[in-house]
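Handing you a structure now.
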Amino acid sequence: MSVIIIIFLTAVIALFSGVFEQGKWARYIGIAGLLVAFYVAFLPEHQFFAKYNSMFIFGENAALFTKISIVITLILFFLGGFALSNHRSHQSELYSLILFSLTGGIVLFSFQNLVTLFLGIEILSIPLYVMAGARKSDLKSTEASIKYFLMGAFATGFLLFGVALIYGSSGSFDLYAIHEFGIANPKNLMFTMGCVLMLTALAFKVSLAPFHMWSPDVYQGSPSLITTFMMTVVKISGFVALFRLMTIGFYGVFGEWINILAVLVIITLLLANFMGLAQSNAKRMLAYSSVSHAGYIGLIFFGINNLSTYNLAFYLFAYSLASVGVMMCLIYVEKIKRESSFKAFNGLGRSEPILAVTASISLLSMAGIPLTAGFVGKFSLFAQAMEAAPILVIIAVLGSAISIAYYLRLIIAMFFHEESTFNTSEKVSLTYNIVAVFIIAAIISLGVYPDLFAMQFGL
Amino acid sequence: MSGVLLALLLLPLIGSVFTFFWKNNKFSNDVALGFSLISMVLAFYALAYFNFGPTVGQKLQYEINVPFSGVLRSNLHFGIDGLSMIMLILTNILVPLIILSSFNEKRAYSNKFYGLILLMQFGLLGVFTSLDGLVFYGFWEITLIPIWFICGLWGQEDQKLKFTTKFFIFTFVGSLFMLAGLIYVYNHSASFALIDLYNSTLTTTEQTFVFWAIFLAFAVKFPIFPFHNWQSDTYTYSPTQGSMLLSGIMAKMAVFGLLRYLLPITPLAIAGTSGGIVLMLCVFTVVFGGLIALIQNDSKRIIAYSSLSHIGLIAAGIFASALLTLKGNFTIEGGEGAVILAFAHGINVVGLFYCADILFKKFKTRDIRQMGGLASVAPKFAILFMIILFGSLGVPLTNGFIGEFILIKSIYDYSSLLGVISGFTMILAAGYLLRFYGKAMFGEGDKVILSSVKDISGVEFSVLASLAVFVILLGVFPQPILDMANSSLKLIYGSLVF
Amino acid sequence: MGETNTFIQSVPLEYFILLSTFLFSLGVLGVLVRRNAIVILGCVELMLNSVNLLLAAFSSYKGDGNGQILVFFIMVVAAAEVAVGLAIIAMMYRNSKSVDISIFNKLRG
Amino acid sequence: MNSAENYIPILFQAGVAIGFVLISILGAHYLGPRLKGTNKDKNFECGIENEGNARTPFSVKYFLTAILFVLFDIEIVFFYPYAVNFREFGLEGFVAVLMFVGVFFLGFFYVLKRGALDWDK
Amino acid sequence: MGVLTFKLILVFGLFLLALTVAAYSTWAERKVAAIMQDRMGPSRAGPFGLFQPLADGGKFFFKEDFTPANAEKFLFVIGPSLVMFISLITGAVIPWGKSLNFGGQSYSLQVANIDVGVLYLIGMVSIGVYGIMIGGWASNNKYSLIGAIRASSQMISYELAMGLALIAIIMMTGSLDLKVITDSQSTGKLWGVIPWISGMNWNIFYQPVAFIIFFVAALAECNRHPFDLAECESELINGYHTEYSSMKLGLYMFGEYVNMFISNALIVTLFLGGYNFPGIQWATEHWSENTVGILSILSFLLKTFIGILIFMWVRWTLPRFRYDQLMHLGWKKLIPIALVNLVLTGGIILAFEHFMK
């Protein structure tokens, strides 16, 4: 909880830096605050917060996911200077909104009560609605914002109706009380209905097909840095919340929701990957790829064992790193070319080899090529789900196979075109190169030596 | 002694990185050649100290076993047995020759090109020496990336990207299924160590699933009908060195994987209907490849389909012996034939591709109908080409003969009908290869071209000559390879006996 | 609490559930059918408020105050959503001179 | 003391109010004269011709005021339950409310500084 | 006589009272203005022009009921109706007097004694905005729209301050029930030190700041001077009811005056001791229930009328604000002051209780 407080205060300070015409410091304030929070996440929780345990427990798992999210957000902050250079006038707001959103995400890692779950989701989402529309005069950004907002609010409605039904049947919001009620009354219709509604709502939030229809549009229309945030931290938060809720709270009606989830995962894997093939815009392709990754992560619910949380964390971290890696490249291209079609990437390998290599390795990591973190993540998921649902794994394998086709298109665009379409005078900044090298190092080292993750993030 | 293997593995990697960042394009080929030659010397050093004894030969030597991931239950486990040694030697012979074969060509970013070739060598060596399922899979996939870049970036025509990407996706799909299969076995065994994978207890149904999942990867890599779709296009449009790597060494990954992983892990599945089906497919591939090759006019395509035919024969032999063994008649003949033909095929196909490349350089076309009469102006080339061609044909006293003979015999032992059918391979090969040779070397050639071409250069000669030496050497003296393979194969086929 | 309970409990719980479900469905239908962004926002609010009603009813029947606490939070969040939503719709109107969401087909391939 | 009966008189009062409103609207409708005419039925524009639609966009300040009202009003709603149980919560509750007020002021101050309430600009 | 019967009678009585008060407020307003400006004021209809309101009412009924051609017909009617409706039912929770006794049974002089009376009031006040907004929008007239927007912006802005001021009162009594709030002002020592007058323990003595805020907010809520920016003639003709005529206009006008009456009743209830009069405790012990009841009603009405007079006094004395000044006052002054007041109230009460222990 101290982490939440630190990040919240950082956000407030960053926000007020803009008020006092010092918006250019907001990024550094955010970075400093995140570093402090990252450090604090390694410390044991202060005793003072024990009395809020009925709402909120910042346990080991929460700390693990918090660290991951903070690392990703830090990277985004480093990228922010270039990515948000068009938003100078309200950059402090954007940074503080990112931090507020992160706060909501951390609440989701540690909720103990459906009330906190709901609040976490809203704290996570509402800043995002604003951030999606950050390019105020751009109709695309507006469209992204309004679609995200309407869909998000719609999903919130379902979530709350589910919460109400669960409260009505079990008489409590407490996760463990619900857990016990579910075990005692697995056939309670109202409880099951509530469970299904909440599952639907969270499927909306993590964009599992067929509830994904908002995400390509939103991801494409939002400013790229914000898209990256949505693809990474938001997805981490959403999945951790879903995971906690389903495996702890609704354990009693496991048999009911696991089938629904299986169907969702199958649809997601096939649909998103096929749609990804059909795209001509790299950003939109990445959006579909993000949706398809929701499908892979969905495998975590099958064959749950004591390593599941670790697998989830690893996959999410690997996926987030890869997303940042690709999006970083996309941010650069979009900035220079003012568009993000595959064609815009032509010849990037010549003019900006480091960025292009980062993007390629990230894409290969997403596809699950060995020696990248993505492979280890996918492998763990497949290995876990293989026992419980081999069919799903086969479909996931097929999905991966399809996905490699569209990932390759981007790599081809970057490396296989002789003519460079980039103006050489606009070189990428040092920060980007450092971040790029960091991402390459992280992806490769996690892929070569996966236990590093367990060591660094304290499992 | 494990240092030798470590050096052998790391040297290409270091060479790759070094070459990749080597600014000077002029010397990058020399640097790459240097690295590969050192690697070759190391390989022969390892061979020299390799213990061939009939009982010790099956034991792993030069073993490296480093704990790697506790979470994934996997170790970095490498080691060399007879089977690995053969593949290791093949790789280390061919890579320097492949690099040397490109010396005459000017290409952009040649340092990157050689870096990728060395990276490829690293992956191949890893595949052939790894003794852990996960590590094996890792190296298996790693080989894909450099070859994709090599073929895609330095390929010959506009369509290169389309076909290399097709190749990538085909093989990647296969690999993923292999991953699924390996995971299934892994879930039922203590760890990813090879020995644990062997000892996993699976029912026939489960094994059938695993068998087809893993076989798919090998079938694509071989390739075996109906997964051959990518092959001829990719071979055709790749740069010559890419085709050499693909057909000469990468296809052998599948042979190796079949023997090392598929047979011992899924004996029950092979004993069921799956083994028979696969054998049929392989035999069909043999005939199919040969027939298609007969009607091709594109030099590289002829080689591609001939390769398809030979590889099909290898796979068919392996399965025929496996099926025989499972019936109770223990035999390792198919395995022996497969190993020796794999080695021979590696050398022959590289030579053939190089000859095709030389022909292309002389005639500026790959259409054999537009060639002709070269024998009169390039006698050295004609002779070396002939030797390699004979090896590929399986003429006695060349390296192809023994392998093909043993393989056809082993298939015949299992089923006389299939044996007879697969025997057509030799006749078909004679048909298409001699047609190729005849069209290219004799007959009426274009006088203008013929008047301007010279005989092969020194580099070309040295490559072809080295290959020709191996063709004859192994044809006369194949015993060392059989000895090396023997103990490993006994172990592998022995695991099929219940 | 006790006194309030008797008052609310004079109406069967099923009525509350049915009414809330009806209102909720109405909201869902509205969101799906209508094309005017403001009306959709209104429908979302209807959904949230039907949940409030349901929670308040459950809370009274169970004699447990927690449900009403969530009602408060829902109200707050709904307000925040309305604030953000209206701002977004105002931005939309400024950019496109319309609040009809069917004009949004700019984001394709 | 709180039962449905307590609310019934409100219904009476509502009924009376509705009755009065209905009577006066309908009464005036039927009692007064009715004259029609194109010019007469136009909107009042101080004697000049009507120009365009009356529902034209107006200053965004008004929207902002409405949005801020919704936000601050809902924050005020939180005070009501606290105020009722103020004595029971004691010091701890007061500290919590002080924090809440602090956040309220943060938001207020932000809005103020960002010029959302500057009507003279 | 059953409770409900009594309530029905009370409702009617209250209705008539509200109408009468509203009607005569118009008269009083003109008279007050006349006195302040040294004029006669209405004097033709009846003695001192006392029948003037009746004449006005009649005139409203017989004027043409005009509807602009491009107005939203339905909303055009709903607007004024809503204003009138809301102002009429707001009074339901106010305790108009102590109690009356008929046939041995005691009847509370509060139409609906509900325990969330304050919330009811706040809710009704909020809905009042809709009547004005709908009317202004439905007219399809630029002046009307601007007037309506101004009016609603102003009303919601001051609603915040009003709500915050109310919370301080609620913190003191710990109840949302207006009856309880009134009762708490009848007993106890003033400031804990002046024990000898009962019925004078008024909240205004404890919460002068809240009272001032509430009073100002009430002025603004009623769109009264000096906050009647919505209908300033020089800028907006007549604001949101520019297009209205006949009884629809009458409803708006009447609604406003009823609102003023109810607002003052509320101020009296919350701050000025409600129906309490000095010595009410003594009177309850010594006099009959009905006597006290009637006295309490009179006391309540007296305070209310004084409040209305002050409203009028303000109207004819102070100049109109500028719109930016109006909003600045509401947002930048009243809201922070009310918040600080709230925190101080809490702190002082807690400290006081702590030291008393």
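As written, the chains take the letters A, B, C, D and E, and residue 1 is the first residue of each chain.
We adopt the following convention: a residue touches a chain if its C-beta (ideal position, glycine included) is under 8 Å from a C-beta of that chain, and two chains touch if they have at least 3 such contacts.
Quick caveat, the model's predicted, so the values are computed rather than measured.
Common neighbours of subunit B and subunit C (chains touching each): A. Other chains, considered apart from subunit D, cluster as A, B, C | E (clusters defined by touching). Of all chains, the one whose CA centroid is most distant from that of subunit B is E. Put simply, the chain nearest the middle, going by average C-alpha positions, is A. Interface comparison, D-E against C-D: more C-beta pairs in contact at D-E. Centre-to-centre separation between subunit B and subunit E, using Cα means, comes to 95 Å.
Between the CA-based centres of subunit C and subunit E the separation comes to 32 Å, rounded to the whole angstrom.
Centroids built from CA atoms put subunit D at 40 Å from subunit A.
A straight line joining the Cα centres of subunit A and subunit B is 42 Å long.
The set of subunit D residues touching two or more other chains comprises 1-2, 66, 73. Of all residues in subunit C, those touching 2 or more other chains are 80, 87, listed in ascending order. Contacts between chains, counted with the stated touch criterion, involve the pairs A-B, A-C, A-D, C-D, D-E.
On the side of subunit D, the complex with subunit E involves touching residues 1-2, 5-10, 12-14, 16-18, 20-21, 24-25, 27-29, 31-35, 38, 41-46, 53-56, 58, 62, 65-66, 69, 72-73, 76, 79-80, 83-87, 90-91, 94, 97-98, 101, 104-105, 108, 112, 117-120. The touching residues of subunit D, counted against subunit C in their complex, run 1-4, 57, 60, 63, 66-68, 70-71, 73-75, 77-78, 81. Subunit D makes touch with subunit A in their complex at residues 106, 109-110, 113-114.
Across the complex, subunit B meets subunit A through its residues 68-72, 134, 137-142, 144-145, 149, 152-153, 161, 165, 168-169, 172-173, 176-177, 179-180, 183-184, 186-187, 209. By the touch criterion given at the top, residues 307, 310, 364, 367-371, 375-376, 379-380, 382-383, 386-387, 390, 393-394, 397-398, 400-401, 404-405, 408, 412, 415-416, 449-451, 454 of subunit A touch subunit B in their complex.
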